[in-house]
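Two complexes, one shared chain (chain A), two partners (chain B, chain C).
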Partner chain A sequence: MTDAAASTLDGVSEPEGKTLLSWESRSRRLVTVYLPLICFLIVLLFPFYWMAITAFKPDAELLDYKNNNPFFIQHATFENIRKLLFDTEYPRWLLTTMGVAIGSTFLSLFASVLAAYAIQRLRFRGSTYVGLAIYLAYLVPPSILFIPLATMVFQLGLFDTPAALILTYPTFLIPFCTWLLIGYFKSIPYELEECALIDGATRLQILRRITLPLAVPGLISAGIFAFTLSWNEFIYALAFIQSSEKKTVPVAILTELVTGDVYQWGALMAGSLLGSLPVAIFYSFFVEYYVSSLTGAVKE
Partner chain B sequence: MDATASWTYQRPTQTALGRFFDNRAVLVFFCMLPAAGLLLIFLTYPLGLGFWLAFTDTQIGRSGEWVGLENFQSILHDRVFLNTVWWTTFYTVVATVGKFALGLWLALLLNENLPFKSLLRAIILLPFIVPTVLSAIAFWFLYDPQFSIISYLLVDVLHWRDTYIDFLGNPWSARWSLIAANIWRGIPFVAITLLAGLQTISPSLYEAALLDGASSWQRFRRITVPLLMPILAVVLTFSVLFTFTDFQLVYAITRGGPIDSTHLMATLAFQRAIPGGQIGEGSAIAVAMIPFLIFATLFSYFALARRKWQQGEGND
Partner chain C sequence: MPVFTRRGVFAIGTGSLAAAALGQPVYSAVPVATVEPPKHPIEKDAVLRVSRPTKFIAPDETIWNENTEKFTKATGVKVRVDYVGWEDLRPQTAVTANTGAGPDIVCGWADDPQLYATKLLDMTELAEYLGKKYGGWKFQAKLFGRKWKSDDWIAIPIGGGIGPCNYRTSWVREAGYNSIPTDLDHFLDLCRKLKKNGHPPGFALGNAVGDANGYANWLLWTHGAYIVEEDGKVALNRRETIEALKYAKAMQETMVPGTLSWLDPSNNKAFLSGDIGLTQNGVSIYFVAKNDPKTQAIAEDMDHAPMPTGLAKSPPEAPLILNGMVFRHTKYPNAAKEYLRFMLEADQYEPWLNACLGYWGHQLKAYDEAAVWSGDPKVRIFRHSGDREFWTGYKGPISAASGAAAANYVTVHMFASVASGQSSPEDAAQEGERQAKRYYKT
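What follows is the complex of A and B.
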């Protein structure tokens, strides 16, 4: 009787009841599900918490664990942030990174939309092989391309310019975006295009007036992904950019802020925090798109 | 009133240019041009150029001459390189196993009926979103010999140890520290993609197995694992590929040190080619990664093919 009451109570609180079986009591669930989950969350988030509180700690607290509880801030200070923004070229780096990310994202989106449309909708002979080739291109990692690319960039006279990054980032962005958009175009009913064809629309009109407006969610996903990937890119930016003021944020923090033997942890953490925030904020607005593109790309 | 007006549809005017672009071959050509052009110039050509450079003695600022297999012979006798190959493989295997074990566990946890599911998913992806170098810097601080909070916890709070750990000071502790950071960074990707795979498994299968009296381990082993296998294979390939060619974590945390013990092939190639100026030798090291990558790619291709066959799709 009490068992029956308990089970109905559980049934009410969790109506889906998929995993909640009679033998799976609340305490068991607490130990097997919530406890490990909380451990995962703590481990996954702790570095960010640490980054954030270090950025706002005064040096005295930062270097003295004995008298200050290191997990909290006693006297928050904006000194690290101020130093970063006014004594270094951080704003420049941020602007460069933003410009490079936006430029390469739009370039890749433009190229990918056209390519995906041609592969998925125009269906020329051998289009499946082109699709496969683009998929394979995604498997070529930047780590084996950066040396020859560096020599090319040098010969083209692009060394130490943002253009070098805007032109090379699409090598990993286009394959991903094209693959994603092929999957997206596949989900748009072909009948819509047939109707437009019968009404006498040209292929380009169809692309512009019918397919693209319907593919906006796919475009957003691809764009977000491309933006974060180019924001996070490191190896090309490290190899192709030399002068301090043209560096991107990840490279600049590692090469410009790390000076001497005594590391300025406060400034480093403040720089990391500020460098992470734009992508994190951008991401938080479009989480659902991001997750769907991440999982969609793997499923395709 | 104007019911007929809406029917007077005006046929789109076709200019000569419009007709030109309506030709399918022309359209395909112009649609493929930007993507194919960029990829051929900045991906295919450098790939070939990399091979060529590996057989030359090119240095920065000096074009090289063909030297045949000399670069490969010299790196094969280079203890640092051989050590790097071994360590790169070890790093890839251990980090991948760790990522998948923990990632799968997290995915299974997230697949339970939880409150705030989408919020949780968003939070868990954070380590994947944040630029790797920046989170690596946070790890660098966590591994600091003097101010490591991990040492502080172990020594001053829990009293489990007497001395602070010198995480990055000797080869093995530096290696394990890097593997831990890599696993931390990789868990979200694995967990979220596998979660997507788990959600495609129909609950009725579990119900049927329950009615047949299957234990939770049997349900996991006989239903979850086989149905997750195709997506697992794809995620595994990507994970192996990107762990093997990893650069950022090692470059940011140890720069290959102490005494070259944590160089991955990518960081060693960088070290030799860009600051060292030996483009030819660096290229040879990068080219040496390719056999491993081909292996991973073939694995992925067959996993994908198998998946299509399972779904009963045609070959389109």
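What follows is the complex of A and C.
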């Protein structure tokens, strides 16, 4: 019996005309695919939904859930956005955060590419242990590192400057990116490099002309991770920056919008919403590369 | 013997507060003695950097900045003030102390001067001058400003805040009480009646730095219990603690659901939305209610009172003290001391205190006569923040251990475990003692 015949017998077929396997049925798919997917989406998207509606709710609605449905906006207001943009230095914080995130991402990617290539391809004595040591560095929590790092930052004369963050974020970005890139470089066929070597290319030429163009999805993936981690980082930004105008978004919105035990939720959520937009836009541009780096890499 | 003068008793009340908030000169009733200030010749080309907690309310920052500008005008010293989030001030102070970099002056939290005593300049001369001029320092100021068990001042206490009982007067009256009872049995009875009438109380027992520690401390101290003895020996597993835990269990049954996960803002929200009729908090609920037309009725109906004293001799509350510390790494120690002196002098301090509307209470006795305390009667209770005779880690020394035990919610978790029904009072006291010993190692 053919698949088509089986599906006709079971009386199930996809609306688009696609046939289902014999063991599949619409209710089975609903339970095994769509229901978990819906649950997953709700869990994933609900915080963003909550953030978005809180940003546009007036305070009275936020306080009174008895007379206002907490899941919907009754009377939308732009007051929270206005307050955030015009009563605080939010645009400046956003620019600082952007500069720090971009700077530390590029710095980390540069160092990680060289480290990952050396560990994966040059295979010098002890390269495995070096890889492991880099990974172990990632496991040291920032709450332990921030005071020794502060001493170094101070001695370099970088205290209270964005450069302090650009130089310290790579302490956790480089190990992460290096490991991600080691995995990606491993998936690029070594034969391609051997051919180049036979043709007389140097290691740096191979890296620049062969490996890196093939590793673009991996680089983008590492870049996105590095950018997001830098964007959201809190403890170093809190410890190394003390001037209000040089703060990054995650630290600054808390300083300005939490006064004692009074949380200005509307403006806080507006700040979080606007702060997450650049990351979301960044992701949307590169999502295909990102997915391909995590799923397939280069086919031999 | 200092000679006290009165500079006038006029225009006290709402008008004077408004004027103070706008930076207008206000006649003051604060008694000031004639005392020669210490000689701190300001260094040439001095510049200062100051860190302090972010504002409670806008005038807190506005008047502070205006006073700073006045200092710059008077002395030529440029001062930059950075406002830091409340939770963020501690790690920033730790970085400043450990690296020797950052602000010259940190207006930091209660026990910080004790933790960083070796990194701070001696402030004894300045503290003695201010004490003589303004009628002496209050209990809390002496406790936190001086190095533990010594007469050496290592910080200048600037302000303090307490968390008394916040309640809806009409609902308390409806429950058969004209005011908040001072004894525990009647207080529990009031809470039960409030619940019966649909206006339950709510006290935080989640990881709420201020509110949950405040409630747990009150439960302990009001029953004669405490976390450590005077020498720092852990003393939680005692009969008094078990009594406090039993009382907490009974209190929990009267409360609105969810208080076990409450954080600091939770009781504010519940009170302002009318979900609860009684809680423990600073002045923030009242201030927010008063300034929003939609919640003004709540402000009119609410009031503050000390939490019941129970077995304690005075209201069992530990104020949050703000201390001005000058770090040894400063290049301009005299300018820094002069800045603190200038900010504490009546011409600057009283307008600031008045504008803070009870969010900050003073630590120098003369400021008992500040206009803010004779204005709105509902904030008068906050005048006494410096007089409270309890502190975090009572009866023991103020130390890293007392701070760590509070930061890790040792007593809060102990009460929460009984209130939630997870532990018996006896087991919880035993576990609480075990947890406390992790921090108090001597």
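Simple rule for what comes next: the second predicted complex is superposed on the first by the 229 of 300 C-alpha atoms of A that agree within 3 Å, B and C clash if a C-alpha of one lies under 4 Å from a C-alpha of the other, contacts with A are read in each partner's own complex, and residues count from 1 in each chain.
As a convention for this text, contacts are C-beta pairs under 8 Å (C-beta built on N, C-alpha and C of every residue); 3 or more make two chains touch, one makes a residue touch a chain.
Quick caveat: nothing in here was measured; it's all calculated off a predicted structure.
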item: Contacts of A:Tyr65 with chain B and chain C, given as first, second, both or neither; value: both
item: Contacts of A:Met269 with chain B and chain C, given as first, second, both or neither; value: first
item: Touching partner for A:Ser244 - first (chain B), second (chain C), both, neither; value: second
item: Per-residue touch tally on chain A - higher for chain B or for chain C; value: B
item: Touching partner for A:Ile235 - first (chain B), second (chain C), both, neither; value: both
item: Partner chain(s) touched by A:Ser25 [first = chain B, second = chain C, both, neither]; value: neither
item: Partner chain(s) touched by A:Ile147 [first = chain B, second = chain C, both, neither]; value: both
item: A:Leu114 touches, of chain B and chain C: first, second, both or neither?; value: first
item: First, second, both or neither for A:Glu256, with chain B first and chain C second; value: second
item: First (chain B), second (chain C), both or neither touched by A:Thr88; value: neither
item: Footprint overlap on chain A, where chain B in one structure and chain C in the other make contact; value: 62-63, 65-66, 146-147, 150-151, 235, 238-239, 251, 254, 263
item: Residues of chain B defined as touching chain A within the complex; value: 9, 11-12, 14, 18-19, 21-22, 24-25, 27-28, 30-36, 38-39, 42-43, 45-47, 49-50, 53, 58, 102, 105-106, 109-110, 112-114, 118, 120-127, 129-135, 137-139, 141-142, 144, 147, 149, 152, 156, 184, 187-189, 192-193, 195-197, 203, 206, 210, 231, 234-235, 238, 241-242, 245-248, 251-252, 265-266, 269-270, 273-274, 279, 282-283, 286-287, 289-290, 293, 296-297, 300, 316
item: Residues of chain A defined as touching chain C within the complex; value: 59-60, 62-66, 146-147, 150-151, 154, 159-160, 235, 238-240, 242-244, 251, 254-256, 258-263
item: Interfacial residue positions of chain A with respect to chain B in the complex; value: 14, 16, 18-21, 29, 33, 36-37, 40-41, 43-45, 47-48, 50-51, 54, 62-63, 65-66, 70, 107, 110-112, 114-115, 117-118, 122, 124, 128, 130, 134, 136-137, 139-152, 167-168, 170-171, 174-175, 178, 199-205, 228, 231-232, 234-235, 238-239, 249-251, 253-254, 263, 265, 268-269, 271-272, 275-276, 279-280, 283-284, 287-288, 290-291, 294-295, 298-299
item: Residues on chain C engaged by chain A in the complex (per definition of touch); value: 49, 51, 54-57, 80, 82-88, 91-92, 94-95, 98-103, 210-211, 264-265, 268-269, 272-274, 281-282, 284, 288, 292, 294-295, 359
